[in-house]
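Sharing a structure here in structure tokens format.
Chain IDs A, B, C and D follow the sequence of writing; residue 1 opens each chain.
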Amino acid sequence: MTPIRVFVTGGTFDKEYDEIHGRLFFKDTHLHEMLRLARCRLSVDVSTLMMVDSLDMTDADRARIVESCRACAETRIVITHGTDTMSETARALAGARLGKSIVLTGAMIPYAFGSSDGLFNLGSALSFAQVLPPGVYVAMNGRVFAGSRVRKDRTTGVFEEAP
Amino acid sequence: MTPIRVFVTGGTFDKEYDEIHGRLFFKDTHLHEMLRLARCRLSVDVSTLMMVDSLDMTDADRARIVESCRACAETRIVITHGTDTMSETARALAGARLGKSIVLTGAMIPYAFGSSDGLFNLGSALSFAQVLPPGVYVAMNGRVFAGSRVRKDRTTGVFEEAP
Amino acid sequence: MTPIRVFVTGGTFDKEYDEIHGRLFFKDTHLHEMLRLARCRLSVDVSTLMMVDSLDMTDADRARIVESCRACAETRIVITHGTDTMSETARALAGARLGKSIVLTGAMIPYAFGSSDGLFNLGSALSFAQVLPPGVYVAMNGRVFAGSRVRKDRTTGVFEEAP
Amino acid sequence: MTPIRVFVTGGTFDKEYDEIHGRLFFKDTHLHEMLRLARCRLSVDVSTLMMVDSLDMTDADRARIVESCRACAETRIVITHGTDTMSETARALAGARLGKSIVLTGAMIPYAFGSSDGLFNLGSALSFAQVLPPGVYVAMNGRVFAGSRVRKDRTTGVFEEAP
């Protein structure tokens, strides 16, 4: 079984509700729990690179994501990422020409709030990562896009091919 | 966007709890609700062929599944199916050599009971169906198997390559 | 804070889905988890007396429930019970004239399947148990009934006053 | 069956996740859905007075709550309310001496995020409202407090008797 690396960067996926202050925040990733509940039998290694809202992601953060993808032993990689700037990170990765199959995914609803789209997207991303040729991809809503030609429609929240 | 046909046959995916009689039963499929919650943006058409526990599936049922896959216009197909005899149906489909990409999937826990594996597997199956070449496959637990060489380990509930 | 004793006897509340055999079964009670998620701050002690479908409950089981209620130090007691024979157990307890406030409750949907009525009924039963005078009661669907004058309508699943 | 009036004022109970803007907001109350899932069989009438975070509740809002409680035909009332200023509203109601049984309740986790404490507290509040004598009460975490002598510990989020 080809090993898959999962890099966690935060995003809606991992937002939680802080019941003392009544606001959303990041604590630990839910990826381990999601993979367990999904009864996932892949050889997956999860590393948390950062836990940020993707609107707060800096160029340095993106450089770190690119370097982590380059440095890891695996050639098949899934990155969980906030949806707002997922396209920017995808373009940064595409520009780096790493020769690996890299799939970015995310969620519209936090997993902790009973997110159905997070589980669905995670299953989707791990599947595309296993079979797509080297390249950078965005897997959202069941669809897969070339990482260099995708954008999120901010009004509808839907990913689409960039013109 | 390539259209995908989903054939529903029942299985754990769609089992519900009958609160009057305290037992499990089948009513309607949850596929539509699952696709909606997953915010799926694929062009998917869902048809219910039958609603049975796969242990009760007959040869006639399997013949009907094969014929439905042959007859539909789509060349990319996902079949939701009970896990107990999923391998048998996969072999029947493989034997029919339909020249389509057909992915069988299922769940260990009913969706109505908060199934995480159902949503994960559905995301996985719809993704494999989009990119794999013509053939019959089983997508379970994040993995994908050739339909002619897969079996379920009845003691652990895990799918594995058949010897 | 008046201490409350919770006696667990099984019933729909605690049914789980056996994913290997595809059927419902009993393992451990979910009461501890339910109280934790409900952030319950009462002084509650939980004891499991038995884990049975109430249709399988024997006279010996009922005698044991009565004796446990008599023997415990607490004067305020909640009993989780299958709904099918909850009225019979309530009558057995009422006949024993224990001089304690005893509230039976249950659920129509197993907690493990995302039961909303289990959590609602548990909150209800623990509240009635704190304030009602000595006697035996059934708390279901937000309502409270005298234990000696209640029955379940088997066709609708609804509890009502017995004629 | 004594009719119960439920007044909705917002609070954590009814917060939702806005998937386009990634923040919490109020839309419609979840009370109807909660009562339905709880299979509640009480005669309950739900009115939404306002949908606000209780930190934003004004004196005019509190006056409106008091007047609504005075004006309604029912003598048994449940109010869903944000936890942060629930004690203030309880004191305002207690000062009005309405001669009705009024129970305030809330949740630490939004219902839409799979809140267990919301359902538990709702079951609890509706039960206390049926049996407690005229007065103002706060029902949280299974406990009930006199409305004139309760406060929320802001560091732990727990309600306790005010000194």
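FYI, a residue touches a chain if its C-beta (ideal position, glycine included) is under 8 Å from a C-beta of that chain, and two chains touch if they have at least 3 such contacts.
Owing to the predicted nature of the structure, the values given are computational and were not obtained by experimental measurement.
Path length between subunit A and subunit C in the touching-chain graph (shortest route): 2. Touching subunit B and subunit C together: no chain. Placing every chain at the mean of its C-alpha atoms, the farthest one from subunit A is found to be C. Centre-to-centre spacing of subunit A and subunit B amounts to 26 Å, using the average Cα coordinate of each chain. If you average the CA atoms of subunit A and of subunit D, the two centres end up 39 Å from each other.
Chain centres here are Cα averages; for subunit B and subunit D they lie 45 Å apart.
Residues of subunit D in contact with two or more other chains: 108. Contacting chain pairs in the structure are A-B, A-D, B-C, C-D.
Considering their complex, residues 1, 34, 37-42, 44, 108, 116-117, 119-128, 130-132, 139-144, 158-159 of subunit A touch subunit B. Of all residues in subunit C, those touching subunit B in their complex are 12, 15, 17, 19-20, 22-24, 53, 84, 108-110, 112-114, 154-157.
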